[in-house]
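In the two complexes below, chain A is the common chain; its partner is chain B in one and chain C in the other.
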Partner chain A sequence: MSDCPAIETIGLSKSYGRMEAVRDLTLFVGSNCLTGFLGRNGAGKSTTIKMLLGMVRPTAGYGKVLGRRIDDPAESVEIRRQVAYVSEDKRLYGYMTVEQTIRFTSSFYADWRTDRVAALLRKFELPLDRKVKSLSKGMRTKLALLLALARRPKLLILDEPSEGLDPIGVEQLLECLVAQSSEGTSVFFSSHQIEEVERIADRVCIVERGRLLVDLSMDEIRQSYRQIDLVFPFEPRELEFNLMGVESVRTEGCQLRVFSSGNTDGIVERARAYHASSIEVAPVGLREVFLGTVREKSDALV
Partner chain B sequence: MLWYKAWLETRARFLVSLGGMVALSSYYIYNEAQGVGKYAGLDWYYTALHTGHGLIAVMWVAAVMFLIMGGLLREKVVGTSSFTLSLPVSRARLTGVRILFGLSQALALAVIPWGAMFLVSIVTGKATSIHQAIFHVVLLAAGGLVFFGVALLVSSLVEGEYTAPAVSFGILFADVIALGDRPLRAFSAWNFMVGSEYFNRRTELLTGSIPWIHVTVNIVLATLLSAIAIRVTDRREF
Partner chain C sequence: MIFPKLASTSGAPLYLQLMQRIRHAAESGALQDGDQLPSIRALAEELVVSPNTVAKAYSELEHEGLLDLRQGSGAFVTLSRRARSFMDHVDRARERVSELVDALRAEGLRDDEIRRVFEAELLRAAPARKR
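Right after this comes the complex of A and B.
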C-alpha cells in the first residue's frame, strides 16, 4: 500500500470569468480507498476531475495525483498512464467497432489485462463487431467502463459512472468497483446516486458551489451526524440552538428539528435546559447528510 | 495506434475523395483525348491536361478541407474529447500525428489522380512529358500546403462540427477574389496551385524550371500555420 495520497489538492480553484466553478478546494484522497464525490449539478465535481487530469488548467492552487503535479504537462501524461478514467458523457469513437475500440485503447497501457477484458465482455454482453455509434446508451456506458476496468490502474476516476445503466448494470458496476478497490486500486467517483455511494464508499466528499463542505469517512458520518427532534411546550427560538456541531435548525410551531455533525450531548443538554417535552435522537443516512449540509451551506456560499 | 485512429476516422472521406478525383480527372482526360481528332494539334490536348489539373486542384482543396476537419475541437463538439484527452499522450503528439497523417493523405490526393491522368494520356497515345506532370504535381502540392495549413489552423480555432471547413472555404474564396488580379496574384496560393504564373498560352505548357524558392516559402508558411495550430490546441481548455 502506498503512503502517497491518491489525490491531493491545496486551494485548488477554477474561474471562468466571474463564475467560480471550483473555489479553494483542499482535498486529500487516500490511497487504497473508495471515495465518493457528491455534489449538486454545477457544484464543480466534473471541473475538479478535469483539472486533476490536465484537461483544464487551475486558476489558482496546487494539485497532485499519485504524487505528480497536475499542472506539469509531462507529469500529467504520466498521471494519465496510471489513472483509468470514465467521463460523464462516456462518448467513444462512433466510427470504431467495440473490438477496434478495445484494441486501440489497450495499446496505450502496459497494465492492460486481456483476461479481464474477456470476462467483462461476457459480463456486459457487448458485441465485438458492432460499431460504437450503433450501441445503445447503456451499452456505450458499459464499454466505457470496460475500458477503465480492464486495467490494473493505481487510481480509478469515474464521473457519474452509473448514469445510463439499468439496475443489473448498476449492480455489476458496484461489484467491479469493490473488486478493484480490494485489489489495491484507489477509486474516486462522483455520483448523484447517494444510495450507491453509501453502499460502497469508505469516504465521502461533498462539494457545493465549488467548495468542499464535508470530507469524512462513512464511519465518521455514521458516528457523528444525528437528527434531533425536539418538542417544546412553547415556540422555541432557533437562535438558542446555535451551538457547536449544529448544521441546521428548522422549527415548525413547537417542534424543532436539529441536524448536527457533533456535540449531540451538548444539544440534548440545551434542550433539557429549555424544558423540552420530547427529545428524539436518530442516526441519519448519507442522503440526509447531503441534503442537510448542501441546503444549509448553499445560501451561505453565495 | 493514433495513426490507426486517424485512418479509421478519415478512411471513408479519403477513399471517396480519391476515387472521385481519379475517376473524374481520368474520364475528363480520356474524353478530351478522344475529342482530339487527327486534325487538331497536341497543344489543344495540353490545354485539356492543364484544365484537368485545375479540376484536380478544385477537388483537392475540397477534399483536404473535409479531410482535415476533425481534431480535438471537433471531438469536443461530438463529445469524445474527454476520452481522447484521458489517454497518456500529449496534445502535441495528438495534433502532430493528425497533421502528418493528413499530410500524407493530401499528398496522395495530389499524386495519385495526376498519376492516373498521366497514365490515361500515355494509354491514349497523347502523353505529355514527365517533367510537366511533376511540375503540375509540385505546384498542386506546394500551393495546396498553404490551404492545408489554413484548414488545420481553422479547425483548431473554430468550434462546430462543420463550421471549420465552411470557414476554410471562405478563406479560399477570399484568396481567389482578393488576390486574383496582378500584382497580387503572385501572393495567391490558389494561383500558384493552378500554375497561372507559369502557364504559356502559346505552347499550352508550364514553362521554366520548378519555382523551388516559392515552393519553400509555401512549405515554411504551412509549417508555421501547423505550429500555431499545435500551440493553440495545447493551450486550449476542454
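Right after this comes the complex of A and C.
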C-alpha cells in the first residue's frame, strides 16, 4: 500500500507505421482503487497495457507504474515483479496440464500463495489433470485468472478478464476482484462489459482512437450525469442550450433531449425560462455515458 | 442482516445507497443497538461492490453517529440518543407526509403527479439550502 499512483502516463504514444494506436495518452490511476478501462475495439487499450508492462516500446511520452519508469529495463523488471497481469489472449502452454501450469508458474514468483490456489481451484472447479489445450475458453480464462490471483501483487492488470466466462464465472471473477482490492491491491481492468465495470469500479477511464475521453469516478457519474427530456409547446430547434454541463442536445419535433454532465439545476432553469411544458430528469448509466461521449467525440478526433 | 443488492444505475452513488439501507435497517429495527455489521471485505464481496464503497458508507455513518468503527474488530451499530431522536424526527415527518399524500390522493391527484410536485418543490428549494 503505497501512496504513489498505480499508473501514470504523460503524452504516451505508440504508432505502427502510419497507424497511431495510442496518441498522447495522459492517464492517472490512483492506488487502492478498482479502475475500469473502457473503449471500442482498436481504441488502444491493449497497446496501452502492453506499454505499461514493457512489452511494447512507446514511440513517445513517459509512463510510470507503481512509481517506476516503464522505459527503464531494470525498473520494468521490478514492475513485472509487483504486477500481476491477465492478457487478452490468455496465453498458456497447451501441452501442460492445469496442475503442471500452476506448478510451473509458481516457480517464478516469491509471493505465491498455495492456500489461495487451493481455494480458487475449488471455486473455479478446474480439472487438475486436463491438458490446457483441451480446456474450454472459459476454463482457460479461469486458469489465467487463478495464476494472477494466486500472487500478492500491488497492482493487478486484466485485459478483458470476463471474455468467455458464463454468468456464474463472471460473478466469481467480480467477487475475486473485489476481494483482491480489499487486500490493498490496485486493480486496473479493461472490459467491453459495461455492467461489470459499473458494478465494481471506483473510477472509469474511456479511451477512443488512442485518446482519453473520460476519467471520472462512478460516484461523479451517478451524481452528476443526467438525461433531461424536455417538451415545448413549439419546435425548439432554435433554442440556445449552450450551457455549462451540456454534453449533447438532440431535438425531434417538439421534444428536446439534453445529455448533461452536471449543472442540472441550471439547465432545468433555462428550460423553464423557455416555457417547457414538461421537464423530466433521469439518471444515466455508464452505457449512456460511454455511447454519448464516444459517439459525440469520435468524429471530432479524426 | 440480509443486504439487498445496490442499484448500479439509479443516479445515486452506491455508498449513499448503502448508507440509506443501513439507516433504514436501524430505523426499522432490523439492526439493533450494539449489532455488528460485516467487515468491509465481507460486505464488499457479498454485494459485489468496491471495498471503497463500503468503507466510505461506514465512515460517513460513523460521522452521523450511527456506527462505531473499532480498529480491527469491525463496525457496530450505536443508536445514540441523538441518532434515536433523529429517527423519531424522521418517523414523525413520514407520518405527516403520509397524511398529506393521502389527502392529495383523496383530492384526485395521481401518484406520478404528486411525485412530480414533490420533486419540483425539492428541486426549487435545494440550491438555496445547499449553499
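Assume the second predicted complex is superposed on the first by the 299 of 302 C-alpha atoms of A that agree within 3 Å, B and C clash if a C-alpha of one lies under 4 Å from a C-alpha of the other, contacts with A are read in each partner's own complex, and residues count from 1 in each chain.
Here is the rule we use: contacts are C-beta pairs under 8 Å (C-beta built on N, C-alpha and C of every residue); 3 or more make two chains touch, one makes a residue touch a chain.
Please read these numbers as outputs of a predicted model, since none were measured by experiment.
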item: Simultaneous placement of chain C and chain B on chain A, clash or fit; value: fit
item: Touching partner for A:Val56 - first (chain B), second (chain C), both, neither; value: first
item: Partner chain in contact with A:Thr251 - chain B first, chain C second, else both or neither; value: neither
item: Touching partner for A:Asn263 - first (chain B), second (chain C), both, neither; value: neither
item: Which of chain B and chain C A:Ser15 touches, first, second, both or neither; value: neither
item: Partner chain(s) touched by A:Gln223 [first = chain B, second = chain C, both, neither]; value: second
item: First, second, both or neither for A:Ala201, with chain B first and chain C second; value: second
item: Partner chain(s) touched by A:Gln193 [first = chain B, second = chain C, both, neither]; value: neither
item: Chain A-centred angle between chain C and chain B, computed on Cα centres after superposition, in steps of 10 °; value: 150
item: Distance of closest approach, chain C and chain B, by C-alpha atoms in Å; value: 26
item: In the complex, chain A residues that touch chain B; value: 50, 53-57, 73-74, 77-78, 80-81, 83, 85, 87-89, 91-96, 100, 103-105, 107-109, 144
item: Residues of chain B touching chain A in the complex; value: 1, 4-5, 8-9, 12, 78-83, 85-90, 234, 237-238
item: Contacting residues of chain A [partner chain C, same complex]; value: 32-34, 171, 174-175, 178-179, 181-183, 195, 198-202, 218-219, 222-223, 226, 265, 268, 282-286
item: Interface residues, chain C side, partner chain A - complex; value: 8-15, 40-41, 44-45, 48-53, 123, 126-127
